[in-house]
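Residue numbering begins at 1 within each chain, and the chains themselves are lettered A, B, C, D, E and F in the order written.
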Amino acid sequence: MNNSIEEFNEYRTKMNEVILGKGNKVIGRLFNLDTNTYAAGALDVATKEMLGLVASMVLRCDDCIKYHLGKCHEAGLSTEQVYEIFAVANIVGGTIVIPHTRRAAEFWEELIGEA
Amino acid sequence: MNNSIEEFNEYRTKMNEVILGKGNKVIGRLFNLDTNTYAAGALDVATKEMLGLVASMVLRCDDCIKYHLGKCHEAGLSTEQVYEIFAVANIVGGTIVIPHTRRAAEFWEELIGEA
Amino acid sequence: MNNSIEEFNEYRTKMNEVILGKGNKVIGRLFNLDTNTYAAGALDVATKEMLGLVASMVLRCDDCIKYHLGKCHEAGLSTEQVYEIFAVANIVGGTIVIPHTRRAAEFWEELIGEA
Amino acid sequence: MNNSIEEFNEYRTKMNEVILGKGNKVIGRLFNLDTNTYAAGALDVATKEMLGLVASMVLRCDDCIKYHLGKCHEAGLSTEQVYEIFAVANIVGGTIVIPHTRRAAEFWEELIGEA
Amino acid sequence: MNNSIEEFNEYRTKMNEVILGKGNKVIGRLFNLDTNTYAAGALDVATKEMLGLVASMVLRCDDCIKYHLGKCHEAGLSTEQVYEIFAVANIVGGTIVIPHTRRAAEFWEELIGEA
Amino acid sequence: MNNSIEEFNEYRTKMNEVILGKGNKVIGRLFNLDTNTYAAGALDVATKEMLGLVASMVLRCDDCIKYHLGKCHEAGLSTEQVYEIFAVANIVGGTIVIPHTRRAAEFWEELIGEA
């Protein structure tokens, strides 16, 4: 697997363990709830991950963008579809989203390059 | 048509005319681009409007939320689907999104009540 | 009770019922979790409500500010203490917080005026 | 003077008095500093007020926008110049700024209408 | 002292000197005011630093978080208390705060590890 | 040319090519529009770049800040003028802008050091 994808996942896993290891119940339940949010329901998983991606982009959270890009890739989204999500994010959120789009584009290249 | 939906649309139309009437080209082109962003492409219109809605919710823009709720209604989304979008927005954006969700829920009731 | 406090609470209650009545589980659990977050633990209730207030102020959510001001009042905070929270919010969040501080100050006057 | 301009100024003055009357020194000094920030220096007053306006727009604070629009009007800015500031704000901040631009456009019409 | 704490403090000190060395009075006074904001008053220092921490978290400023974590550590807060602040920040600000919480958790481990 | 300025520009150019190479029309047109926004009109280029800089600062986008600092340098702004823009950004946006001001100050030193 690509190096930067691996690093991202490792740090994420390691620090989630540190956080959850402290036993704060509110945080533990929020983490669970976060997982449930993207489960299939009236909307399918791919649509929910698209929602998570565009929300992360307009809020300009690089790590959240990477996470949802990975999930969008797993859900089988095409590059053309992902760029239409990028387009919505950049129009709604403005050019301030462009630098995050550059990093998102780089991460997406890594995701599709490792297939 | 419901009163508050009508008022919202009227103010929006009236002020867009004032703005576009000043002839600023950048603003004119951005308004056009905004319309194109939600046209069917690799993603269909309903999906794009869902993306616009969730982005508006996490950025906490009541007028943008109303606009995209109207479009989601036109696109035939069900109440259950709309509430799953609300759920993503509230989880990603936090409880700070709740007051906007209240106003969104009120507007949605008006939209489905007038059918 | 003061009119604007009452109106605020009534709208909040009415719309929460509409939202929770739709049966979305993620939203229902987030609402529960929100309540638990401010329960006494390693930090007491007054401290947690102060945290909720300052977070609401820098994120500039008027309804959230009103809600936590009410809770701070119930927890027995003095005007001097509340204004020190206002000061932190205005320094961290900048002058963009001032208009929200005006509305917060107005609501606080109502809260202490009705004692 | 136009009604909504007058109302805006009156509320602003009244609540500033309430806030400053509590004697919190940090808030008092921040209010003073805010005034000094826009005084002529290496940049002239008109330029500084334009900076205040565009910052208020991308941060989407309607009251701050009104305040700086009033100052831009006093500084003699033309409608064409003000709309170029609107353009920068909408491009940088995205379409989420449009509803605030509508209210800004309405307030600007009132300001230039009362000359 | 731990390496990343030291690096953070050194860069902070070095660049504050560059900034203050330019003699801009507004910035100089804001830096002073920032220090005064967290001095003991109607609220004690520990409470004010908790307010600064939660505000920094919901505004998602990693450097501000580190700074206030250091101050919370000096003020004698326990890990359990710090995690209750993390909980408020994540509930109010949403899962978008989680990546910042990971980095905050890492920095806190360093702070308590060096005692 | 200074190393970090060069690196910044190279990454920017490389990733813009990746993004534009995908052929998404909305993104392509937004990139064009972004360029037009800062062209001379009723306001001159220097003023528009100042507006872009202050907007980038209050929205706390480091890459956007660097880009507009470069343009402000090309437009001949003095250090004193740039610091007055920093002052407006820090007052409007609060102390949360300070860490971004540190990185902006560092980049500005590089820009003026290479003349």
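Please note the rule applied: a contact is a pair of C-beta atoms (placed from the backbone, for glycine too) under 8 Å apart; a residue touches a chain by one contact, two chains touch by 3 or more.
Since the structure is predicted, the reported quantities are computational estimates derived from the model, not experimental observations.
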Chain at maximum distance from chain A, centres defined as averaged CA atoms: D
Proportion of interface numbers common to chain A and chain B (over half same, under half different): same
Size of the rotation, in steps of 5 degrees, that lays the CA trace of chain B over chain D: 120
Of all other chains, the one whose Cα centre sits farthest from chain C: F
Approximate Å spacing (C-alpha centroids) for the pair chain B, chain C: 27
Between chain E and chain B, distance of the C-alpha-averaged centres to the nearest whole Å: 37
Sites on chain B at which at least two other chains make contact: 26, 30, 33-34, 37, 55-56, 58-59, 64, 80, 83-84, 87, 90-93, 95-96
Category of the chain touch graph - line, ring, star, complete, other: complete
Chain A - residues contacting chain C, complex: 25-26, 29-30, 33, 36-37
Touch list for chain D against partner chain C, complex: 11-12, 15-16, 18-19, 22, 24, 26-27, 30-31, 34, 55-56, 59, 61-64
Chain E-facing residues of chain C, complex: 33-34, 37-38, 41-43, 47-48, 50-52, 54-59, 64, 78, 80-81, 83-85, 87-89, 91-93
Residues of chain F defined as touching chain E within the complex: 60, 79-80, 83-84, 86-87, 90-91, 95-96, 98-99, 101-103, 105-106, 109
Chain C-facing residues of chain F, complex: 58, 90-97
